[in-house]
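Two complexes, one shared chain (chain A), two partners (chain B, chain C).
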Partner chain A sequence: MKESLLDIICCPLDKHDLELTVEERDEEDGEIVEGLLVCTDCGEEYPIEEGIPNLLPPDMRE
Partner chain B sequence: MGLLEDKARARLFYKYLSTVYDTINPFVWNDRMRNQALEWFDADRDDRVLDVGSGTGFATEGLLNHVDEVYALDQSVDQMEHAFAKFGKRGKVTFHRGDAERLPFKDDTFDKVWSSGSIEYWPDPVAALREFNRVTKPGGTVLVVGPDYPKNRVFQRLADAIMLFYDAEEAERMFREAGFEEMDHYVQQRAPGTPRAITTVARATDADAADAADGRSESSASGRLSRIPFL
Partner chain C sequence: MKGQEWYQADAVAEEYDAKRFSKGGRLIDRREKEAVLNALGPVEGDDVLEIACGTGRFTALLAERGADIVGLDISEAMLAQGREKARRAGVGERIEFIRGDAARLPFPDDHFDTVFAMRFFHLAETPAKFLAEMARVSKRTVFFDTFNDGSLRVLYNWALPMGSHLYSRGDVERLVRDAGLGLAEEAHDFVFPYGFYREIPNAVADPIRDVDTTIGDNPVGRRLASVSYWTAEV
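Moving on to the complex of A and B:
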């Protein structure tokens, strides 16, 4: 995931901004491979899995 | 049946579908029909476009003939794997997992929103259409392709049992309930006797202004349609 994506994504539940925590970054292009997106309002957590942000609401995750 | 239970059933259905999707899809909606819909969509190269229910990437591939970049959203990673194989994970397509009815994008983010072959699986299509209106800039195009309600009685029974099918009148009602005011409906058919597809091309409204005028939108329980009763 590119860090610039934070400009357009939001919490799917309350549409507030997300805060990014990076766990692993690609050394070549700087993309985020593993990390966490946390809603600045409700605190719900959305993982970045193998570079893809999983923005499914919690009731839809496997 | 509660909404969550509906969604769990839809999810189960997707998992099954992803294994056969590329086989059945071309029979309903082929390249020619997709390219016609792309003309109605009329995107510019630098438009920021969202593909909802991007699945295996059949529409995404067509969209990339018209725009430089596509934002793709799907709930199923099983389907998305096919799209990774076609476009790579990091290239012209930016992938997200998410729910059409609760989009993870800020208001007025996109110039245009496209969704094909997905609406028939949404438990609450009006809620999803309202979200499309919210994330699209006012005046931007929202295009949705779904299955047209069949005329043949055998297909009708199958349709009623499996998923949502709708006609132009029903499409008009759903889009209006979601806040759209201007729209056109087109019916496409691969060959006589085959299932028909219905495409609605709508103009996004200023959703915030509409909400301020008549209060926050009411629950869309009336817009929900029953489907997949046997799953």
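Moving on to the complex of A and C:
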């Protein structure tokens, strides 16, 4: 995921902004490969795994 | 196996494109791409969201034409394939893949110019909820396809691995209205359903497709069409 995606996405539950923590970036293009998105309102956490943010609401995650 | 589980299995994702869009399936692929491009018009610079993007067949197509596109899907395996494909094709710059729930989209109201979903509504158990959510995040166009009640598709529908929901014209009109949208355009095709094309070799598929489009071009044929493409406006 590119950092600019943060301007678009929000918490699927309450639509508030998300805060990004980067754990690993792609060395070539700087994309975020691993990280965490946290809702600034409800505190729900959404992981970024292998470059793809998982914004499934908690009740739909396995 | 339920549709949602079937769809998310790794093995299904890996074979998805090869299985669905080889042989006669390539005619389906071509027609679907044409339907998307017709409905969306020029997309250069547009913000587009694809719901249930799968391995990104349309996502990549639209990125190549200059759209900034987000592909959302429930399946991790499908998205991983899509991301890999987009990067290989050199269109990764314009594409983002997101795992999410189509009924609770992680986007603000009225963000996208166009929101579309192909091959999604026949798997949707709560279509009204999904369409309303697509309408919420779109400021202009919502485009989707349905498989039709009263078509030859009824004949083999029960045999599919995933449950398939067929729609009547009235169903679609109601869905569109309830989502606060207005129907702007529609197209109907495939008197012979997809499952049939997938089973036949290329050499036979072409002439049959000719017959199909000839029948489909008159009012009776249109009523028999197994697939409809619907363009709605906010």
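Going forward, the second predicted complex is superposed on the first by the 62 of 62 C-alpha atoms of A that agree within 3 Å, B and C clash if a C-alpha of one lies under 4 Å from a C-alpha of the other, contacts with A are read in each partner's own complex, and residues count from 1 in each chain.
The rule we apply is simple: a contact is a pair of C-beta atoms (placed from the backbone, for glycine too) under 8 Å apart; a residue touches a chain by one contact, two chains touch by 3 or more.
Keep in mind that this is a model prediction, so the values were computed, not measured.
On the superposed chain A, the positions of chain B and chain C overlap enough to count as a clash. Of the two partner chains placed by the overlay, neither chain B nor chain C lies in contact with A:L6. In the superposition on chain A, A:V33 makes contact with neither chain B nor chain C.
Once the two complexes are laid over each other on the shared chain, residue contacts for A:V22 go to neither chain B nor chain C. By the document's definition of touching, both partners, chain B and chain C, reach A:L56.
Shared contact residues of chain A, touching chain B in one structure and chain C in the other: 2, 5, 8-13, 15, 29, 50-57, 60.
Listing the residues of chain A that touch chain C in their complex gives 1-2, 5, 8-13, 15, 29, 49-57, 60. Within the complex formed with chain A, the residues of chain C that make contact are 70, 74, 76, 79-80, 83, 92, 96-101, 104-108, 111.
Those residues of chain A that touch chain B in the shared complex are 2, 5, 8-13, 15, 29, 31, 46, 50-57, 59-60.
For chain B in complex with chain A, the residues that touch the partner chain are 4, 7, 11, 75, 77, 80, 89-90, 94-99, 102-107, 109.
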